[in-house]
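What follows is one structure encoded as structure tokens, with my remarks underneath.
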Amino acid sequence: MISKKALVGAGVLASMLMMSSSVMAQTVGFSQIGSESGWRAAETTLTLQQAKERGIDLKFADAQQKQENQIKALRSFIAQGVDAILIAPVVATGWDSVLEEAKEAEIPVILLDRMVDSSKDLYLTAVGSDLVHEGSVAGQWLVDTLAGKDCNVVELQGTTGSSPAIDRKNGFEQAIKGHDNIKLIRSQTGDFTRTKGKEVMESFLKAEGGGKNICALYAHNDDMAVGAIQAIKEAGLKPGSDILVVSIDAVPDIFQAMAAGEANATVELTPNMAGPAFDALAAYMKDGTMPPKFIQTESKLYTQADDPQAVYEQKKDLGY
Amino acid sequence: MTGFKLLLRRILPQLITLALVVGLISIMFPGFFEISLANGRLYGSPVDIFNRGAPVALLAIGMTLVIATGGIDLSVGAVMAICGAVAAWGITEGYGLLPTLLMALAAGLACGLWNGLLVAFLGIQPIVATLILMVAGRGIAQLITEGAILTFNHEGMIFFGSGSLLTVPTPIIIAILTGALVTLIVRRSALGMLIEAIGINFRASTLAGVNTRVLLVAVYMTSGLCAALAGIIAAADIRGADANNAGLWLELDAILAVVIGGTSLLGGRFSLIASLIGALIIQAVNTGILLSGFPPEFNLIIKAVIILIILVLQSPRVRTVLAFLSTARADAAGQEKKVVEP
Amino acid sequence: MPHGDARQPLLHARGVRKIFPGTIALDGVDFSLHAGEVHALLGENGAGKSTLIKCLTGAYRRDGGDILLDGESIDPKGTLDAQAYGIGTVYQEVNLLPNLSVAENLSLGHQPTRFGMISVRAMNARAREVLSQYGLDIDVTRTLDSYSVAVQQVIAIARAVMLSGKVLILDEPTASLDAHEVKMLFDVVRSLKERGLGIVFISHFLDQIFEISDRLTVLRNGQLVGTEVTAEIDRVRLINMMLGRELEHETRAHGKLHEAAGDPRLVFSGFGRKGRIEPFDLSIHAGEVIGVAGLLGSGRTETAEVLFGVAHHDSGEARQDGAPVSLMSPRQAIKAGFGFCPEDRKTDGVIADLSVRENIALALQARIGWMRRIPDREQKAMANDYIRKLDIRTPDAEKPVGLLSGGNQQKVMLARWLVTNPSFLILDEPTRGIDVGAHAEIIRLIEELCAQGMSLLVISSELDELVAYSHRVIVVRDRRHVAELAGDQITTGNMVRAIAAPEREAVN
Amino acid sequence: MNSRLLPLLATLVIFLAAYAVCYAQYPAMLSTRVIGNLLTDNAFLGIVAVGMTFVIISGGIDLSVGSVIAFSGVFIAVMLRDTGLHPLAVFAALLVLTTLFGAAMGGVIHYLEMPPFIVTLAGMFLARGMAYVLSIDSVPITHEFYEVLQRSYWLMPGKGRLTLIGGMMLVVFLAGIMLAHRTRFGTNVYAVGGGVQTARLMGVPVGRTTVGIYALSGFLAGLAGIVFSIYTSAGYSLATVGVELDAIAAVVIGGTLLTGGSGFVAGTLIGVLIMGLIQTYIIFDGTLSSWWTKILIGMLLFAFIVLQKGLVWTSGKRRAAGG
């Protein structure tokens, strides 16, 4: 135990030295949801990168997928007296009181990637994409590609109850509404993971006559799509042609699949939410410029026509 | 011959349960039993149950031994993640198939060693000791993959997840071989009896000269090794190591499998084959839910209700009542005597 | 009944029957108990003593007969119900909760409350007051397990008397007590008797029965043999009643000195462990029986544990046939050819759920390693061999050992070590808690084994027994070996003197 | 000194030492804000851990509590959204429901002689499944009564807030301590943990006590669910996954043995505070990646358990040598 104390002591010293070297830098607390997916890891990497480039001292707190941990982190940031707070909220509800505390302490809060239900004056701005919009971009692509042909679609949902799962499902359903040629025949959760994506797709294939009844797959994220593509291949079908595959996120691996002709389209959710956030923060700090309440990132649609191999090369080192 | 009859009597409840669950599925989904050959590999829902059940079955093998000693291993899910990460890392770093596999298995053994040392030499209660690795293990796995899904395209490695041998998917073969091997080792040697002795009375076993501590460590290492195999299969299946999700909550499924298999959580007498059937029952329930087409929000509730029914039917009290109904009164009186003994 | 009493009995059982599948455990047994009487209940294991007690307290539903309390027919539904009638029971294994405080144990279920909350002060005061009646002045807020078994036993009696107050059943209460503690317990029993309680006393120790009881009832094979006034019966007749035969082996002075042929097989010098047992010297020859006498907690079990490596010795060394031998764990001791039957069979001895066969094979299997499994056929042969040799009463070798009686479990323990063919066997209280018949068999076995050249170290609190088979006796007191008796010196008187002598010659 | 109190004292010493180390590094750790946060942020965990302490002292375990908290939140939110009931009426209905749920599990454990681990595992699946069925969406709670609850706090000097829910946790702990040591039920819980057979022979109503223990745990999980819903003003079926493990860890760090029979409700409070302290420290540090956070929490858990074991062991040894 003595050695442990010594260790902690050494830590005190080291962190004091580090602090003195960045006295001028702003201190920003960043409460991240966790590291549940490659996309999330890339967002963390990019946020750290962006902070470093700007000389910001970033206090990173991982919430392990728990809202209570994020609230704890925010309160600790406030107690510590940081200059600003970034938060990627795990769920939309339940932020009122802690955001009020931050407001009372005059600490600006910027939301990343997901929205909250709270009053708009409780945060500076939100940077993110519109999850419903993402779903409808994917749905619109399918509508356009089919051009009126009959099609049975199976859907791999995200984690039951999570906001991307709900919104991406809604967006997709809105886009295909009124197109009677497209029928959503099965929908199950794949928990946003490859393993479950593969397992659920296997059952879909069995349940729908070995896959003959399925013409397209819509997955709420690329990871599930990657798993499902393997299941389709193992069933002796060709993903990308026998069964169309459209998903969301645009992680590097889906571009490899697209390059191989096994996936058809993906909707990008950029992991660089921190860049615009820091820009808005800098402007606000400088002369009090109020940024717009929602800074929407582009939900770009990538198809096989967009040189997927090149995109892959460009994305693969971003920490996905 | 009598040995076989004894075995059959031991696993009969599990077999009946499995048959009932499968029967239920086939009523809801008539195409259930269709099996065909596709790409030189057996293809069909029953095959899926075996194939998808393989990781839990592997975990259940190790878990059975651990539970037989009166312990529990909550860390196996995390160990799966660690070993999958090691396997993916090794293959992407170009260490070659065999060294990579050995590294992954060694990682599993090391995790088991850690658990075993905490339990056997520091005397920490198993549930707490393995909770430590359950919490930290996923972090270690992420440390290896640096938070990303570490993908690979090594055909040799992929074989362990989605390949097949003589039309049988590899995970099934690995699970069956491991089950057979461990059963053979445990029952042909004296290990089985010694493990049971430890589980029933640790101190008396030590005094009889049984190397209790070393055996305990060995049992946790076996559990780690089984988790490593499961981790390799899980990683090879999706061609990547998903440190966050690989084996998530599978420790609970494995424990359930062992309990459905009729091994007491208090330790003592165990049956590996019954645990394996237990794993199949759980996977059959899972697959049945997927085939049923219910909305996903009902998944958990269906699973919970089915498992609850199975467990209640297997509970000692209900069994006593069933035995009472089916055998002579005299027999039941004997049972009662055992219960009353202070 | 030969000695009917004019008064109405306090508790009267008439023609009690209890049938288990295949056996009649009690066949129309009569039993009566008067207020202010200590009535001993005797019989071999399986004679029906426990069954009778359980029928009286409602733990078993009887299949026939009446039970009258103060002349009124009662039908207790269980232990608690019996308690409500005024019948309390105290068992050999103290049935109190070790993790609760003494006061909580005494008052559990009847705590004094104020406004729905337990009044801890009142609870403790009451506990102190109750225990002072029994001559105990202890800290009642400490947990029960911080006190000796004897104190726990008295607390158990205090609780039983407090809650019932008419009839007290003592089921082998003295089995794990030493002489001093037995005396303390008997003082308590006498004072309760004076208070007018009826006391049923079960014990294997005939001395104790003669000392404390007014009348005695003997059961055999579920049947009543007879009820006698204790003062009017002699030992031989009593044993005849119990066994239905003459004791073949009467304990008498051994008288023979062991022919110390050649060098000793084992030599321990300066062997000991701090806090457990002071360093001692001990040498043992082949074919020699060394007795260890001393009170419970005097260091006798500790001596065995240090020798067997259960507790690591931290001083001295051991030599076997002249060569040094390491004894830091049971495994090393077993490798050296040692065997050890511990005192507490239940927790340290048998593996209850394993079969008789597996229990017998366990130590041998552990010694030859897990890889070389003893084939089933050999295990079976081995088990059957010893079931026959030691007369272990079990339907077959596959019965879980936990279902056997104490004496038979003890024999299984012996068999476990005998199959390893040890050169040195340590027996800690081999005859405790077993019936007279099995007792005699085990003593005969000890003599047989030593005749075959095995060395034995036998710990026993029955001094007569030690006199019967020991070549030398070590007397232990205050965690030290204080005396060694050999040959003609071995008499109960000498042992008692050595055990009791205050240590004047000690320098410090 | 009473040997029963030893593990409790060890835990307290560890907590104070750990706090001192944190304070040396980050003086802000001793501010009333942090202390207020410790109480508020861990309120639901503390309340559920009180129930877990009783369960563990009796020799059982309750894996269902995390799911029950999530179910409670969703239940309250859905009821407030879809019916015109006052929150207090909903609270009452919920507490009855979760108490019955706990009692049912206790009944299955006792009367069907099934291991608590498995029964409550099934309960865990069932409760979360029911939360899903009620609503998979996160449902916000907008009732004005909730605003009142959230706004009732005492502003301590230094801007720290002692909130209603933080205070509620302390009250529950006090009640828990009284229940454990000043009622027959409490003694019966210890008795069952000390040995079921013996307890039965001594007249403890084992069945009633077992059912009562799990009912209490269910009640407190429901109460924790109410607190959590006040904390987040929403009900969310994915909330509080794995809280049962946090609660068990807090109980174990607090010096209660998982084997049953011994432990203290007060120790659990310290256990909860220690876990909160660790998290606060990690956030103050702010340099740990996701994975190092997990590894560090595991290592600290290990360190605490070993340290505690060491303390108890050495003092036990000293006692043995001395007496």
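The letters A, B, C and D name the chains in turn, as written, and every chain counts its residues from 1.
Basically, a contact is a pair of C-beta atoms (placed from the backbone, for glycine too) under 8 Å apart; a residue touches a chain by one contact, two chains touch by 3 or more.
Predicted model, so just to flag it, every value in this text is computed and none were measured.
Ranked by distance of CA centroids from subunit D, the top chain is C.
Counting C-beta pairs in contact, the pair that comes out ahead of the other among A-D and A-B is A-D.
Rounded to a whole number, the gap between the C-alpha centres of subunit B and subunit D is 30 angstrom.
Inter-chain centre distance (subunit A to subunit C, centres taken as mean C-alpha positions): 71 Å.
Counting partner chains per residue, subunit C shows two or more touched chains at residues 95.
Within subunit A, residues 34-35, 41, 44, 160-161 each touch two or more of the remaining chains.
In subunit D, the positions touching at least two other chains are 132, 136, 201, 289-291, 293-294.
Under the stated contact rule, the graph of chain-to-chain touches falls outside the line, ring, star and complete shapes. Pairwise chain contacts present here: A-B, A-D, B-C, B-D, C-D [touch as defined].
For subunit A in complex with subunit D, the touching residues are 1, 4-5, 8, 11-12, 15, 29, 32, 34-35, 41, 44, 58-62, 64-69, 71-73, 75-81, 91-97, 101, 105, 117, 159-163, 166. Considering their complex, residues 2-4, 178, 181-184, 186-188, 190-191, 193-195, 198-199, 201-204, 261-262, 320-321 of subunit D touch subunit C.
If you check the complex, the residues on subunit B that touch subunit D are 72, 118, 122-125, 127-128, 131-143, 147, 243, 252, 255-256, 259, 264-266, 297-305, 307-308, 311-312, 315-318, 342.
Residues of subunit B that touch subunit A in their complex: 29, 31, 36, 38-39, 41, 43-45, 48, 52, 142, 146-149, 151, 162, 234, 237-240, 242, 244-246, 248, 287, 290-291, 293, 295-297, 299.
The touching residues of subunit C, counted against subunit D in their complex, run 79-80, 83, 95-101, 104-105, 108-109, 111, 113, 116-118, 120, 141-143, 146, 159, 163, 274-275.
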